[in-house]
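What follows is chain A paired twice: with chain B in the first complex and chain C in the second.
Presenting the complex of A and B:
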C-alpha cells in the first residue's frame, strides 16, 4: 500500500510535465510551420544543437549552470510561502562581494597601485577562491535576508521589495565600477580590476563547462535534503502551509524566515561569484545579463522542487543553446527562442492545474480507514472540486 | 468551491502563471530579444556559390541586440548585408541578441565548428575580453575582427584584429547643423555612460555647434546604461520642457529619443544609423557608421589572400570620414542652405585633414584648461581616447 502511494504521485508529475512539454513542442511546430520553416527539421536542429553531441551538450550545460543556483533564490523561500524575485540583485551583489574579496586578498587593496599589482601578496589561490565563494555567499545572503527581515518585522511585501532591491544592486554595481573601484585602464567598459589568472576557477577538466555546474547540482541536492528530509525543512514547510498554525505550534517563524532567506540569497550570490571567478574575471555590467530572472522561470516551472529544477535548467539551457542554430540554419528571427520558451512554460504552468484530475493517479480509497493525510503538506496544489 | 475557475485554473494559479510569464520578458537578455521579423540579411544562403573559381567562405556576424534597432546593431547588420551583396562568394551567418557572457563564446564556437566560419565579426564592445581572446587562442586559423579598437600589439593573439571609427568628426558636423538650425541655442545630448567614447562625441558635437554659434550650450543627461528606453524618453521630454530644441544622443538604439523629439515638435540629430524615417519633419542629419565600406574592403583583402596572421591586414584599423568609417545622414527638410554650406565646408576640412577639432586653447566646463594654447590634438592622438572632461558649453558633469 505504501509503495502504491509512493509511485502514483511521482508518475503523475512525470506524465503531466512530460505531456506539457510535448504539447509545447507541438504548438511550437505549428508556429514554425506558420512562419515557413519545416517543423521536423527545426526539431532535429534543436536536438542536435542542445543535446545531440557531447560538444553541443556542453553548450547546454554552460547555460544551465547559473540557472540551477539562481533558481534556489526563489525556490527556497517559496517553501515558506514567500515569493522572492530578487535573484538578479543577489547574484550581482554576490559577484561584487567575491571580486572585492578576491582583490583584497590578492593585492591588499581594492584599487591596487601598479606596485601592488606587480607584487601580489602571494596567498594560496585555493584560500582566495574559498574566501571569494564565502564572500559572495555572505553578500548575496545578507541581501535577501534583508528582504526576509523586512517581511517578518515590518510586513513589507517581499516580492516588491526584492524586485526593487534588484535595481539598487545593479545601480550599486554601476556606481562602484564606474568610480570607486574602477580600473583606470578599462576606458570604455568600466570594470573593476581583474582577478589574477591563478585565482580563476577554470573549467571542469576535459570540458569547457565551468565548476558552477557542479556547485549548482550539489546545492540543489543539499536543498532537496534540507527541505524534504530534515526537521528544519519540515518546520519551514509547516510555516509555509499555515503561518498561524506554525506560530501556535511554537515554531520560530522569524528565525526560519531569516535563515531560509539567507540560504536563498547565498545560492544566488554563489552564482555571481562563479560568474566573476570563472567567466568574466572582473566585476562589470556583464554580470547583469538575466541569469537571476531565468532562475525565477525555472523555479515556477519546476514547482520549486530542487531535483526537478536540475532537469528544467537543462531544458532551458538546451533551448537557449539552440537559439543560435534557429537563426542561422532556419533563418528564423532571434525572438523565436523566446516564443519556444514561452510556449513550453505556459504548457508546463497550465499542467499545474491538472493535478488530481485524473483518476488513474488517485490513491485507492482504503476501506474502513480514514483517508491518509497528505504526505507532504503545503507542497501539493490546492484542489477544491 | 467558492473559487471561480476559468479553464480549470484557480486565481492563484493564474497569478502565478502571469508572474512567471512576465519573467520571460525579463529573461529577454538571456537568450534573445523581441524583434519582429529581421529577415533582411541572410540573402547569403542563395548566394554562396562562388563564381569564377573563387573559393566560398563563411563569415559570421554576432550582434548584442536585435538587427533592426535603428542603432548600433542595425548599423553593423546593414554593413554585413552590403558586404555580402558585394562579395557573392561569401556565405553570411548571423546571430542577434547574444549577451556578453559565455553565450557569445558558444555562438562563435558553433559558427566555427558547425558552419565552418573562417572569419568572425563579433561586434559588441564587451565581447572582446575574455571571450574573443579565449576563442582566438583555441582557433588560430580563424580571423576575429572586433569593433572597438582594443587590440594591443604583442599582448593579444595575432589572429585578432580591431577596428573603430572617429565618428566624432560627424558629430562635429552634426553640431554645426544643429547650431544653425536651433532657435534657442540650447541643445540636448542623451548619453548612456560617461566613458571616453561618449564624452568625445558630446564634446565634438558641442564644439561644432559653438564654432558657428558661440553662445550655444549642450545639456547632457546620462541614463547609466546602453538601453534605457524609459529614461531616454523622460530625458527627451524634460529637455523639450526646458526649451531645448535640438536633441541628439549616444545610446544603443536612438529610436525612442528620435520619436519623442518628433512628437514634441523639436529637431533631432541621429546617431549610429539613419533615423530619418522615425522623425521625417524634425530630423536634421546624423552621425552614422559606414561599416559597408569597411567590411567590403576587409573581405576584398581577405579574398586576395591577405590575413591578420600574415600581417598584411593591420591589427588596428581606424579612420574617420576620409577613410570611410563614418558618414552623414542625408539632410532633413528643415536644414537651411546656410547650414548645409557650413556642414559641407567642415566635411571638406576633414577630408583634406585641415580641420582639427581639439585645439588650444580649450577649456573644460569647470574652467580648467584641457588643451594648451597653440596645441593641436589630431584625431589619432591617444590622449583623446582617455577624455575625462566636458568642454565649455556643455551643461552637466561626468562624476558618477
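Presenting the complex of A and C:
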C-alpha cells in the first residue's frame, strides 16, 4: 500500500506528530514540576497505569475502543473540510437509542414492570445486540446529519451547531433518565433500567476487553478504505479540497455532506452503544465522560487518518486510564488529564506550521517519474475551511 | 438560583416573568462580556472558540483570589489577567502558518477548562466574598422583588463598554486598524499595520473581557464556583456575535435575551414545574440554534462579517 516514491511526506507527518506528542509530554512534565509533583514519577505512573502490564493495558484498550469510534465523527467530515465536534452528543444519543431499543426488545417496555422484568420476551441476544447497534448508529447518524443539513442548506457554522447539540443531547439524557425512563431503584445516580446480562457485549476470550474494541478497529479500517480507495471517498476529498471545483465537476456536494455526516454520527452512536452495552449496562450521566473531546484530540493528532488513529487512540486511552492513579499516588486532581490532553493538542496544532521547514523531508525533484496519482495514500494536511 | 426561588416563591406564577427579567441582567452579564470580547476578536479576523475555557478560568481565578485576599475586585482583575494569558496562547498559535483558529479554540477549551478545574478544586466548598450589588428597588418593596432588582456594578460596566466599543471601532485610529486587519489584511499591510500585532492585541483584549465575564459568574450570579458554572456560555457567545452581526450594541441586546432564556428553567422549577427541568435549562442552546438557522443563509455572506474571518493565515 505504501508508495515508495513518496516516503518522505508520510515520514514527515510521522516525525512531526510524534515530535509534537513528545513536546506535549515534556510541557506536561514541566507543569507537574511547577505544581510540585515529580515529573519522572508521574511519567512512570502513567506508563505503568496505561501500558506497563497486560492487566493495566487492558484498561487502556477498553478506553481506546470508544475513542476510535468517536474519532471518526470528527475525521470523516474533515475530509469535506467540515470541523464537526458533536462527538459527545452523538455518543450520548446513540447510547440512549441503543438502551431504548434493548429494553424494548427485551421486555416490551421502556419502563418495565416487575412482572415484565421477571419474564423477558426471550428474543435471541444476538438479534437484540444487532438491533441495539443499528439503533445507536441511526440515532447518532441522524443527530450529526442534522448538523450537515444545517451547514449545507442554511450555512450554519457546523462547529458551533454541533457543540450546541452536545449540550442539548446531554440535557435530553438527563431529562429522560431523571424522569420518563428512570429506574426507581437508581437513587444517587439516575439511570434507565439495566440491560439483562445476556444481551451485554461479552469480552474477547482471555481478556477483560469487550468486543467494542473490534468494532472500533473495523470501523477505522473500513473508513480508511472508503476514503482512500473508493470513488465516493475521492469525491469527498475533492469537495473538501475545493468546493467550487467539485460543484463545477458535477459532484453532488449536498448528498456527500449528508451521507458523510450520517456515517460520522453513526460511528459516534456506535461508540455510545458500546459504552452502554459493554460497560455501563444502562443509560446514565456516565455516558458523557470525555470520549467526545478525546475523539477530537485523536482526530487532530492523527491528522484525520483512520489507521494512525488506532495508535493515537491507544495513547489517549492510556492517558484517560491513568487519571485514577494520578489522583491516588500523586494527589493530582482528575483535571490533570484534561491539561495533559490540552497540551498535546496545542503542540500537535503547532506542528502543522512546521511542514516543509525541514529540508530532509523535501521531495527530490522527479525526472523520469510521472506525477503522483491523486489516489496516493498520502497523508496530505487536510484543508479546513 | 436561590434568589430566583425566593422571588417566585413569594409571588407565585407572577414571579416567573419577573425572574426572567431579573435574569436578563444577572445571567446576561457574562454573555455580555464574553460576546464583547468575541466581537473584538472577530473584528480582527480571527475566531476564538476557546473563550469557553477562558470563562471558566476567569470564574475560578476570580473566586480563588477573592477567597484568598478577601477582595472581590482584585479577583475581577486577576480573572481578566488570566484571560489575557490564555488569549496570548491563542493569539500566537492561531496565527502560525496553516494552523486553524477553530481547532486552536477547541484545544483551548480543553486546556482552559483543565486549568480551571485543576486549580479550582480547593475552591468548590468554601464561600468567597462576592461583589457588592446596587439595589434598584426601594426599601418598601417586598424582599423578593428587591432581590430581583439587585444590579451588579459589572453589568453597568458592560453596559458602558458596549457603546464605547462601538465608538472605538467607528471613530478611532486603532478601531480602523482592527477593522482593516479583519476585513482585508492586504490593505492593512499596505497601510503599514502589523497584522500579527493587531490580532494579537485584539485577541488578548477580548480574552481579558471574557475573563471578567467569568468573574461575574463566580462573584455575582450565581455567585459560586463549580465545574459546571459556565456550561457552554462561552460557545453561545460565539453564536451570539454572529446573531448580533458583529455590532457591540447589538451584542448587548442579544446578551439580555440569552440571560432571560437562561433564567427560564430555574424560574419554572421554583413554581413547581419539575417536569422538564433539564429541558428548560437547555433553552439557551435551542434558542442559539434556532437563531442561527434563521439568521444564516447559504446565498449571501452575512452582513457585517469581517472579510478575513475563516480564511487561512497568509
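Descriptive notes on the structure:
Criterion: the second predicted complex is superposed on the first by the 314 of 385 C-alpha atoms of A that agree within 3 Å, B and C clash if a C-alpha of one lies under 4 Å from a C-alpha of the other, contacts with A are read in each partner's own complex, and residues count from 1 in each chain.
We adopt the following convention: a residue touches a chain if its C-beta (ideal position, glycine included) is under 8 Å from a C-beta of that chain, and two chains touch if they have at least 3 such contacts.
A quick note: this is a predicted structure, and the numbers were derived from the prediction, not measured.
In the superposed pair of complexes, A:300 makes contact with chain B and with chain C alike. Looking at the shared chain after the overlay, A:327 reaches chain B, while chain C stays out of its contact range.
After overlaying the two complexes on the shared chain, residue contacts for A:289 are found with chain B alone; chain C is out of touch.
In the superposition on chain A, contact of A:179 is made with both chain B and chain C. By the touch criterion stated above, A:341 is placed in contact with chain B and with chain C alike. If you count the residues of chain A touched by chain B and by chain C, you find the higher number for B. Look at A:168: by the touch rule set out above, it reaches chain C but stays clear of chain B. In the overlay built on the shared chain, the residue A:160 is in contact with chain C alone; chain B does not reach it. After overlaying the two complexes on the shared chain, residue contacts for A:250 are found with neither chain B nor chain C. By the touch criterion defined above, A:206 reaches neither chain B nor chain C. In the superposition on chain A, chain A positions 83, 85, 171, 174-175, 178-179, 293, 296-297, 300, 333-338, 341-342, 345-346, 349-350, 352-353, 381, 384-385 are in contact with chain B in one complex as well as with chain C in the other. In the complex of the two chains, the chain C residues touching chain A come out as 49, 89, 93, 96-100, 102-104, 106-118, 121, 231-232, 235-236, 238-239, 242, 275-279, 281-282, 285-286, 288-289, 292-293, 296-298, 310. Partner chain C is touched in their complex by these residues of chain A: 35, 83, 85, 150, 152-157, 159-161, 163-165, 167-168, 171-172, 174-175, 178-179, 293, 296-297, 300, 332-343, 345-346, 349-350, 352-353, 355, 381, 384-385. Residue ranges of chain B in contact with chain A, taken from their complex: 1, 3, 7-10, 12-13, 16-17, 19-21, 23-24, 26-39, 42, 45, 66-67, 93-103, 106-107, 109-111, 113-115, 125-126, 129-130, 148, 193-197, 224-225, 385-386, 399-400. The touching residues of chain A, when paired with chain B in their complex, are 49, 55-56, 59, 62-63, 83, 85, 171, 174-175, 178-179, 187-190, 210, 275, 279-281, 284-286, 289-291, 293-294, 296-297, 300-301, 319-321, 323-325, 327-328, 331, 333-338, 341-342, 345-346, 349-350, 352-354, 357, 381-382, 384-385.
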